[in-house]
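In the two assemblies presented below, subunit A is common to both, partnered first by subunit B and then by subunit C.
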Partner chain A sequence: MAPARVSQTELDARKIVGVNAETVTNVSSTDIPGHYPGEDHEWDLEDFRNTFKVKFHKHQPFDCAFSLIGIDASIANAFRRILIAEIPTLAIEYVFVHNNTSIVQDEVLSHRLGLIPLTGNPAGLRWLQQYRKPTDEDPVGSGVQDVNTVVMKLKVECTKADNYDELNKKREDDPRLLYKHAHVYAKDLEFVVSGRQDTFFSGEANQIKPVHPDILLAKMRPGQCIDMEMHCIKGIGADHAKFSPVATASYRLLPTISITKPILGNEAKKFARCFPKGVIGLEEVSRSEAKQKGSGYEGHEGEKKAVVKNTFKDTVSRECLRHPEFEGKVKLGRVRDHFIFMVESTGQYQSDELFLESVSILKEKCASMKRGLAEYTR
Partner chain B sequence: MMEQTQQQTSIETGPQRIRVLPGSNETAASFQFDQEDHTLGNALRFMIMKNPEVELCGYSIPHPSEAKMNLRIQTYEGTTVYDALEKGLDDLMDLCDVVTTTFTDTRDDFAASTGAE
Partner chain C sequence: MSREAYVAPTSAFNTGTTVDPGPGLTTQYICGDCNQKVLLKQGDGIRCKECGHRILYKERTKRMVQFEAR
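Showing the complex of A and B:
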């Protein structure tokens, strides 16, 4: 059978997921061999290279937004899942409490420490390897080495300020002025260099430190102290959320709005108000449109009509579908293969690097499985 | 030194993470992947379905508390499930390369265009 010729309009229409008042239609992708009789749809790398597009919307170190166009949901979702759960990052995992007389219990303080996002020389963070914990099968694990463990210290003691008596006389009640170290912040964490780590993490700019220095960890009063040693290891988000390199990594599909019958005058204004600002615009019906028979604009020259301006800003609230006057005049949808990614990093790596890392991890997964398969079938 | 350590991690294979479940033949088999989930399962399922020599491909996670993923492949005559799986993995790796290059190029263009303003 000769390959069927499919028009571009038909191909575009297939990409639209219908969004109705209470239902969603055409959810699954259909570009699979055998789905449409006589059509090809076989995987073609050259074709993918030509059709796959990336568009950047926002490019800040730790906040990035971009579109992946022409990719299947299964792949886009794999990238998103890897971003959240499978990119290794450094976080505090073991806390050795030498002394803690603050009112924050050891385990509560340790948990707080674990959640602090850390940063440091990116090359060094990449150089670090994942620490393998001892298990029943492997009682040794990888062992604590300079290449898999970063040591940090927290040693603070609360004392009265030098001018405490003077302040007290003045009825000063701010504990941060009355006492030294009344508040323990993330900036009080101290990096201890070990072994070969000095090649990467030496100096103020390169050392391991909290992303945000002003995270409050505990409050103390004179006589109380905290003395802890922490071991930071590389782990993945699947194990604990503190290892997740992203605050959020999500995508949405590009919305579509098609106005199928004219929406005019006050109705047009009301229609525009159903959407976020900038999605729907108002334009005057031109003379030529008013002359065209069957267009629905006859005799409406100069009146305002609703036009779709920018669907990117739409939230697909479906508000317009609640009003009977717009019934049958508008069709909402989403483009099935246009993924608008939003990647917000916690600060250890830059957002764009994280996405590239997720791609390479998916590739590495495949390579590892391919090796396993070759081994198995040998 | 850095290159050496990175190579070590990629060569480090660990235990066998893939096996064929009983009752398979050349054109129909279920593979079990250890320590894998929807991330690889769904992506690989899609890539294998893109192969016209494949009659059916589907994946499932039999139990949520077991880190196992089962992948079912049935092919038409003239090929084997092993070839189909290998092609799926190869295609997915090719796709990753294209995504990386396209993403990097676009990002650099965007950075250059916004930086010039």
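Showing the complex of A and C:
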């Protein structure tokens, strides 16, 4: 049977997820073989190559937004999940407390240290390997080596400032002025080079350091001190959230708004207010439109009508569906294969790099799946 | 150590543990009020020699303690 011809409008309509006041319709994708009798929907690489599009909306080092157009939800979701949980990053894992007389307990301080996002020479971070912890089956693990462990130190002692008496007389009450190291910040962490790490992490710019130097770790008073050594290892977000390279990685579907019957005058203004700014615009009804019979614009020349300007900004709040005057005049929806990704990095890698990394990890997974299948069917 | 194996110290001279400094040796404490280091011998009154405060703290262990940053 020859493949049936389907019009482009029909194909486009199939891609729209209907958003009603209380329900969502047409949720699942139907472009799979066998769903429509006589239509060929077999996945084709060439076809994908021609239709798939990537569009960047925001491209900052640690915050980017882009669209993947023409991709299935399963793949888009795989990228999102890999971004959150499977890209290895460096974080503090072991804390060796030599002394801690601050009021923050060792456990609490260790936990805080673990959550500090670290950064350093990207080439060096890639060179680092994942540390394998000793387990029952493998009592040695990978061992602590220069390729899998980064050592950091935190040694601070709180003392009175040199001009303490003078400040005290002036009734100064800012502890940061009265005492040295009254506040312990992430910038007090010190990187210790070990082994071959000096080829990557030497110098101020390349060394391992916190992304944000001003994270407050503890507060101290004279006589208190903290002396700790930390081992940072590479891990994945699935193990602990501190290893997740993204602050958020999420996607949404591109909203659609179609005005099916004219919305005019004051109603149009009210309609525009139902959406975020810039989504709905107001335009004058032109003479030719007013002349057209059956358009709904007859006799309304010069009046304001509501037009859809930019659905990208819409939050799909569905506010317009609450008002009876717009009933039957508007249809809301979302494009099922238009994913707007938002990737916000914690600072170890750049956002766009992270997405590419997620692609390569998915590729690797597919390759290992293929190998497994070959093994299984042999 | 089980209950049966425990033998209560009969005299102040053979408590047998390493923590106990024994007679004549001093242990360092920290005053809860003025933060002064206070050296106490066995039998001394528990009192800061500087300010007379009666709450003394033991120093933190000098041993390294390992934690997981989780």
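Assume the second predicted complex is superposed on the first by the 375 of 378 C-alpha atoms of A that agree within 3 Å, B and C clash if a C-alpha of one lies under 4 Å from a C-alpha of the other, contacts with A are read in each partner's own complex, and residues count from 1 in each chain.
Quick note on the criterion: a residue touches a chain if its C-beta (ideal position, glycine included) is under 8 Å from a C-beta of that chain, and two chains touch if they have at least 3 such contacts.
The model shown is predicted, which means the values in this text are computed figures rather than measured ones.
Participant: Based on the shared subunit A superposition, would you classify subunit B and subunit C as clashing or fitting together?
Facilitator: Superposition result for subunit B and subunit C: fit.
Participant: Taking the superposition as given, does A:Val193 touch the first partner, subunit B, the second, subunit C, both, or neither?
Facilitator: Neither: A:Val193 stays clear of subunit B and subunit C.
Participant: Which chain, subunit B or subunit C, is in touch with more residues of subunit A?
Facilitator: Of the two chains, more subunit A residues are contacted by B.
Participant: Now for A:Ala91: first (subunit B), second (subunit C), both, or neither, which partner does it touch?
Facilitator: It touches subunit C, and subunit B stays clear.
Participant: Of the partners subunit B and subunit C, which touch A:Gly223 in the superposed model: first, second, both, neither?
Facilitator: After superposing on A, A:Gly223 lies in contact with subunit C but is clear of subunit B.
Participant: Determine, under the contact definition given at the top, whether A:Pro33 touches first (subunit B), second (subunit C), both, or neither.
Facilitator: first
Participant: Between subunit B (first) and subunit C (second), which does A:Thr101 come into contact with in this model arrangement: first, second, both, or neither?
Facilitator: Only subunit C is touched by A:Thr101; subunit B is not.
Participant: After the superposition on A, what does A:Arg371 contact: first (subunit B), second (subunit C), both or neither?
Facilitator: After superposition on chain A, A:Arg371 lies in contact with subunit B alone.
Participant: Once the structures are superposed on A, label A:Lys55 by its partner contacts, choosing first (subunit B), second (subunit C), both or neither.
Facilitator: First partner only.
Participant: Please work out whether A:Leu113 is in contact with subunit B alone, subunit C alone, both, or neither, and reply first, second, both or neither.
Facilitator: A:Leu113 sits against subunit C, while subunit B stays out of touch.
Participant: State whether A:Lys242 touches subunit B only (first), subunit C only (second), both chains, or neither.
Facilitator: In the superposition, A:Lys242 contacts subunit C only.
Participant: Between subunit B and subunit C, once the two complexes are placed on the common chain, what is the minimum CA to CA distance in Å?
Facilitator: Closest C-alpha pair between subunit B and subunit C: 20 Å.
Participant: For subunit B, which residues are in contact with subunit A within the complex?
Facilitator: Touch list, subunit B to subunit A: 1-2, 5, 9-10, 13, 16-20, 33, 36-40, 42-47, 49-52, 54, 82, 85-86, 89-100, 102-107, 110-111, 114.
Participant: Flag every residue of subunit A that touches subunit B in the complex, lowest number first.
Facilitator: Touching subunit B: residues 32-34, 40-43, 45, 48-49, 52-56, 59, 66, 68, 71-72, 74-75, 77-78, 81-82, 85-86, 127, 129, 147, 196, 352, 355-356, 359-360, 362-373, 375-377 of subunit A.
Participant: Can you name the residues of subunit A that touch subunit C in the complex?
Facilitator: 91-101, 106-107, 110-111, 113-115, 223, 230, 240, 242
Participant: Taking the complex as given, what residues does subunit C use to touch subunit A?
Facilitator: Spelled out, the residues of subunit C in touch with subunit A are 35, 60, 62, 64-70.
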